[in-house]
Amino acid sequence: MTRSVRKTAAVAALALFTALTPVTALAKDSFSICWSIYVGWMPWDYGAQQKIVDKWADKYDIEIDVVQINDYVESINQYTAGAYDGCAMTNMDALTIPAAGGVDSTALIVGDFSNGNDGVVLKGTDKLADTKGQNVNLVELSVSHYLLARALDTVGLSEKDLTVVNTSDADMVAAYTTKDVTAVATWNPLLSEITAMPDSHKVFDSSKIPGEIIDLMVVNTETLKANPAFGKALTGAWYEIMATMSADDAKGKEARTFMAKASGTDLAGYEAQLDSTRMFYQASEAVEFVNSAELKDTMQKVAEFSFDHGLLGEGAPDAGFVGIETPAGVFGSDSNIQLRFIPDYMAMAAEGKL
Amino acid sequence: MKKLINRRPGKPASWALGLLPFLLLIVAYMLASDARLTENPNDKLLPALDSFVQAIDRMAFEPSKRSGEYLLWEDTLASLQRLGIGVAISALIAVVVGIGNGTIPLIRSTFSPLVTGLSLVPPMAILPVLFIIFGLGELAKVMLIIIGITPFMIRDLQQRAMEIPAEQIIKMQTLGANTWQIITRLVWPQLMPRLISAVRLSLGPAWLFLIAAEAIAATEGLGYRIFLVRRYLSMDVILPYVVWITLLAFAIDFLLSRYSQWRYPWFHQKSH
Amino acid sequence: MAIIEMKNLWKEYGDQVVLERLNATVNEGEFITIVGASGCGKTTFLKLLLGTEQATRGELLLDGHPLPAEPDESRGIVFQRYSVLSHLTALENVMLGGELHGNRWLGITFGKQRKQLRKAALEMLDSVGLGQAADKYPHELSGGMQQRLALAQALIKRPRILLLDEPFGALDPGIRADMHKLVLSLWKEQNLTVFMITHDITEGFYLGTRLWVFDKPRLDAQAPGAYGAKVTYDLPVGDCENGTLKRINQTVGRTSRVLNDTL
């Protein structure tokens, strides 16, 4: 009897963890990607709803499931755990979560960079240097944190000069209305809501560090290598959506209205967010951006920031521990490349070869 | 052979059977972790056991590179302080209002409906309001705990106060007690062990509210750390923290239970 | 000297008459045992004496004055259960009355005053046979010992009247006999005036000086609440005329059957 009990228990206990056993990347014909609500990722929702993604998947005889996840960090964690083949995320999170976690990831599509969508807002003063000795509320270890570090550089301060208070993005606007909170770093649409409040001064935003906060579609490198069709279908779908939404016609307006509604705002609000986002509507612009030498410098800054904050893992001896491959060269370790920027698929789109 | 229902394990066998599920869970974890780590040596989702040891060592016994503090102890101290203040204030309010409501009908008629109403408000739902009223500092965290657990503790103690046999209250009067003396010499001492059990019951929700508050805005604390390192999937830190919180909760409960049995034997050994 | 006087006392709840037309005078030092079917107002009568219930009509006088409308020191009580405070030791239970008197604010005494109270309480515990159990909590005492403690706690306050509400109902017969002895000796020693409710008629017949039987002389089986109970027998104990006990038993038995059938 004891033996059968033991066996049952073992099976049950194993079942607990089977959900977490690794997914092996093999040639397959069914894929899934995930995304969360953000101005630069709303096109995925539009593409999925309008069957543009399905159309391109059919063309390459595969299936692609597009899943919305309400919590941004959770979506990246799910991708890192192997539940999805691709996920929409920023360059910094791609480095610190999947890449630092040993999940070799490729930035398949560079959709845009933040050009004012992330900012630092102060209450009652317009001098960034006044934050010295104060609390700054932000989502710790996020791009807002990186933006604050870059902002402090410009006035000769460092993070040690102030106290960072980790604050959930969901509560950022409510938090800002309280007396205790005098400085926040956050992103849109929260940023524009906070900036609109009385006596609020946006002292720094991402337009002052253009091209450093980049929104990507990141896919698993092994999956992509084994299934180029997956990359082609996604890239093809993306640039068809881009063409539709950027057009100055009724269809374009309809697409933007759709995205506005899905992200909980109206057309005017969404277009305001687009204004502070440098969208790469043309594949050729994105190819150019990826090929530039600045990308490598940006990723170095991001890697150094991440290393300083322990985001590359405690075993990391220096900022180059996790290798980052860009067309302009590799930053960091050649033997441990986990994040890759490749122009290949976007170039195919630019040349109309998809 | 005896029927299954009549077969009882001896003491050692009982221990062994109790430990078995834990061992099996650990073995199953190690197998799954091993499988993932063979695939990807940098995997963060199911770290190997020695990663936990390293993470504990790093968090508890090495000063942090950034702040020079021992993070685990700093977090524990911050959280326990919030929990302690929150639960202590709740207990005080609960015992005062509970006694008032439970003993004096005029007070009960006035406040009992209010307490019942308040206890039905889900505290997490009024979180944004709390932040606007109390700010984002320590006050808001302690207030969330207080608002979260006090109404139920009041209702519990009110009920317990009303359960004190009417005979004893009449007895006190025939011994010459006035209302205040009935409270100080009968109701208050009889409610003390019941207050301890109310505190033990509300510690679970109190931890929940504490961690929720720390997840929203904080610079240190056990909940803060978990939600922070969640951002880069640091399971090697999260899981030991979860185990540590569980141990703390168990220890507090155990100490309260032992204290109550030692201090109030008359409450725990009712026999005749 | 009359200590308790009842003049045409009625107790009604709405149209339910519980007690009607009670008239009696009780002198200091009398020991009255009250018997009757359950539902015949024995307990209600005790509550009137205690002050937790008030009469609807008539007068209830203690030493010639209306009885206070809430329990106080003039009346001591021993219930069947929960008579002593479970969170205090035997000694603390007996000292409690003195402490409440000595310190009106907290009900705790200190120093010399406490020493005196302690000495008196220990003597009282000795006199009820609990000298060895002074530091025990009630839960460590047997049922009989708990009732001894309750008596000691009530008597140390020297109440004008002592009310006993089926005090031995939950005890074993052997222990009950010991308790009878104790109560009788305390009554004699302290010249107490006692009202004791019992459901055991034989107990009522030899304990004390006077036996009251509460019964409903008029009984409407369709509306048992229409008429109240009265004192149908008021006998000096010792009148053991043949057949009295039997007769009381019969009438009380009949009332209780009717009440049980209709309720």
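Read from first to last, the chains carry the letters A, B and C; within each, the first residue is number 1.
Everything below uses one rule, namely that contacts are C-beta pairs under 8 Å (C-beta built on N, C-alpha and C of every residue); 3 or more make two chains touch, one makes a residue touch a chain.
The model shown is predicted, which means the values in this text are computed figures rather than measured ones.
Chain-to-chain contact here is organised linearly: an open path runs through the chains from one end to the other. Chain B has its Cα centroid nearest to the centroid of all protein Cα atoms in the structure. Chain centres here are Cα averages; for chain A and chain B they lie 37 Å apart. Our note on geometry: chain A versus chain C, Cα centroid distance of 83 Å, whole angstroms. Put simply, the C-alpha centre of chain B and that of chain C have 47 angstrom between them. If you check the complex, the residues on chain A that touch chain B are 6, 9-10, 13-14, 16-18, 20-22, 24, 73, 77, 80-81, 96-97, 100-103, 137, 139-142, 163-168, 170-171, 174-175, 177-181, 309-311, 313-314, 338.
The part of chain B that touches chain A in the complex is made up of residues 20-21, 24-25, 27-29, 31-32, 35-36, 39-46, 54-55, 58, 65-66, 127-128, 131-132, 135-137, 215-219, 224, 227-228, 230-233. Taken in their complex, chain C has these residues touching chain B: 50, 52, 70-73, 75-77, 79, 81-87, 96-97, 99-101, 104-108, 137-143, 146, 153-154, 157, 159. Those residues of chain B lying in contact with chain C across their complex are 165, 167-168, 170-178, 180-181, 184-186, 189-190, 264-267, 269-272.
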